[in-house]
Amino acid sequence: MTTPAISEAPVHTRSTTSRLLGVAVLVGLVALVVLGFFGAPEDDEQADAVRLIFVHVPSALLTYAAFSVTAVGSVMWLWKRSVWWDLVAHGSAELGVIFCGLTLFTGSVWGRPTWNTYWDWGDVRLVTTLILFLLMIGYLAVRSMGGDESAIATRSAIVALIAAVNLPIVNRSVEWWFDRTLHQKSSLTDGNLEDLTLFTLLLGVVVWSIFYVWAMIHRFRVGWLERELRVGDLDLAIEQRRAEAHAAGDGGDQ
Amino acid sequence: MTHLGYLLVGWGVSLGALGLYAVRVIQRGRQAAARVPANRRRWLASEDAS
Amino acid sequence: MWRDIVLVAGKDLRIESRSRVTFSQVVPFAGLVLVLFGFALDANRPVLERATSGLFWITVMFVTTLAVQRSTSIETTDGARRALLLAGIEPVAVFVGKAAAIAVQLLAVELVLVGGIVVLYGADIESFALVAATCLVATVGIAGAGTLLGALVAGVRARETVLPILLLPVLAPVLIGATRAFDDALGSVAVDGWAWLGMLAGFGAVNLVLGALTYGVLLEET
Amino acid sequence: MPIIALDGVVALLGRFPALAGVDLAVGSGEIVLLQGPNGAGKSTLLRVCAGLQRIESGRALVLDHDVVTDRAAVRRSVGLLGHDTALYDDLSVEENLRFWARVSRVDAAALDGALDRLGVADRLRNVPVRHLSAGQRRRTALAAVVVRRPQLWLLDEPHAGLDQSGRDLIDGLIRSAAAAGATVLLASHELDRTIELASRHVTVAGGTITRDRTV
């Protein structure tokens, strides 16, 4: 109790940076909704269903970005035993699972009016993303298994690596399996998107990315605080453990 | 507007999920921060010193 | 190194041959699954013939989770994991040895299953060479990934449920690839089965390398 | 050269500090008795000395090798008899011991002698371990330690589950190991027996050493 600042010290995980990012996300979201629903023109083939890609494509991109970060963090944990990277890997995996779930969900919702089906097994990206989703559910399951902290970090890091190296194989195998794909072959580069549609899509990606950074900052701090708590608990536990010795030493020995 | 139902479900679930996660992470942070001694909330010391 | 691999694999196989779990329980289980698929598909010959390859490999996946759990529990029940560390044996040798033992058991089960699909589903094997090659290449990869994930969940709570959650998605490419190769070998679909062997070999190589690199780290995390 | 040198060792089991700061120096040829209540941290201490336990803080040297950075060297030179016997149920006594001897790179020819010494009858050697009694099982596990010819013996409750002759056997084994220059660390509740045997009595409680007396 040496610091006088206890009452002043903020009891949250916010900082100036995260607050600015948070405001940017909110402003961006308003712009995205306005542009997405009223600005961007409807598509010749997909009509208004095209407006779902403004949430679908950013989610998909962020899914892969988030899991890449998890993979990097996992390697760094195994290599340097860096707790910092372990927290990053964990937080990014959580966000990745959410983005991945949203990708699959919005994809299905979009697929129904556009392809006339919620799900298509012949689509490489769809199936690959589903497998990735299942793998990362497994990752979070390993995370929650409890036990020794560094053992959890190591186990989950290896799960992330297994997922990372196997994902390209999954992708290849699905691609050969059905040698066709329903997905728009890189509609971004075809140049047949309207300018405003393209702009809205990019805006979506930007907003989603800022949200990711914002959430990562908070999630990292939460992880770090919870770790601090455990470290504090540990100091306490060691003291209690030693006290046990005195109790036994005074009475029990013969 | 065509497909309005699909649009609302898709957008609604997306924004809802991200919003819920945001709320949860902030709550978790507040709960954890309340239990950690102030001198160990390191990032706040550097950024929020104002 | 080779000596240690042979020692570990030999030990696991000897334990299997003594306890006869593979033959008294796993093989009957595999047969049962084939029969149940028959019921589920209403004993409809054309449908069964079309689905035979997939059902075969699904059954192998189920058997794999059992074999991996067995293989892992051999080392964890009486602290043998710790003794392996004290012995100073290379973790890579333990990994390869245990994977080899699992592969041998799976191949034995697959042999029985091939008989099963011929008898029960009326499969007509056009290319024995392709069937054998597929089983061999796919099984090496399955055993590698299985051994690694088995060590990963060893000694933790709820490992019986976590193992399939992790293992089955990882094995998805094997299911796809081996099923296609079998489709060709059984003549049920016109695809080039041999081309799929490359993918299966790639899967095996990647997972064996990853296992060799990380198995030691897992063995230490008791 | 001290055989064991522990300095402020803290070791966790999950999040529980099984060892809460242990300092201990053991010299060559000593027979050290670790006594103390259940859950005091004796077994964890033995595992630290075997290079099998992660250390949260502090430093531990065994035979001048750091148990964290140089654990392979530590493991090679110790023999540990823990609570579990590290025997495969479905293999016979001989198959088990031959396997462990081979992977540990020790002479399998010494096996028969070790089994004789531990009083494992010939007729039991081809019996699967699952059919052995607890005492026979423990003798077999000890034979696996003996053939390693460790420089440091780490014995966790070595008398547990043994009959009178078995206990005497253990005592003889410990004495002859120490006479041959090995160091022995044994955790035991059999105080009447081990107090004479040991040259030093260390009391462990609450994850720390509360008393250390050389006889």
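Per-chain residue numbering starts at 1, and chain names A, B, C and D are given in the order in which the chains are listed.
Here is the rule we use: contacts are C-beta pairs under 8 Å (C-beta built on N, C-alpha and C of every residue); 3 or more make two chains touch, one makes a residue touch a chain.
Predicted model only: the values in this text are computed from it and were never measured.
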Interface with more contacting C-beta pairs, comparing A-B to A-C: A-B
Distance between chain centroids, defined by C-alpha means - chain A, chain B (Å): 13
Centre distance in Å when chain A and chain C are each reduced to the mean of their C-alpha atoms: 32
Intercentroid distance (Cα basis), chain D paired with chain B, Å: 52
Gap in Å, rounded to a whole number, between the CA centres of chain D and chain C: 38
Residue list for chain C, restricted to those that touch at least two other chains: 222
Residue list for chain A, restricted to those that touch at least two other chains: 146-148, 150
Chains touching one another, given as label pairs in label order: A-B, A-C, A-D, C-D
Residue ranges of chain D in contact with chain A within the complex: 10, 12, 14-17, 20-21, 36-37, 40, 54, 56, 191, 203, 205-208, 210-211
Chain C residues touching chain D - in the complex, by the definition given at the top: 3-4, 7-8, 11, 14-15, 18-19, 74, 77-80, 82-89, 222
Of chain A, residues touching chain C in the complex: 78, 131, 134-135, 137-138, 141-142, 145-148, 150-151, 154-155, 158-159, 161-163, 165-166, 169-170, 172-174, 176-177
Residue numbers on chain B that touch chain A, as the complex places them: 1-4, 6-7, 9-11, 13-15, 17-18, 21-22, 25-26, 28-30, 32-41, 43-44, 47-48
Touching residues (chain side chain A, partner chain B) in the complex: 2-3, 5-6, 8-17, 29, 33, 36-37, 42, 47-49, 51-52, 55-56, 59, 94-95, 98, 101-102, 105-106, 109-110, 112-113, 211, 214-215, 218-219, 221-222, 225-226, 228-229, 232
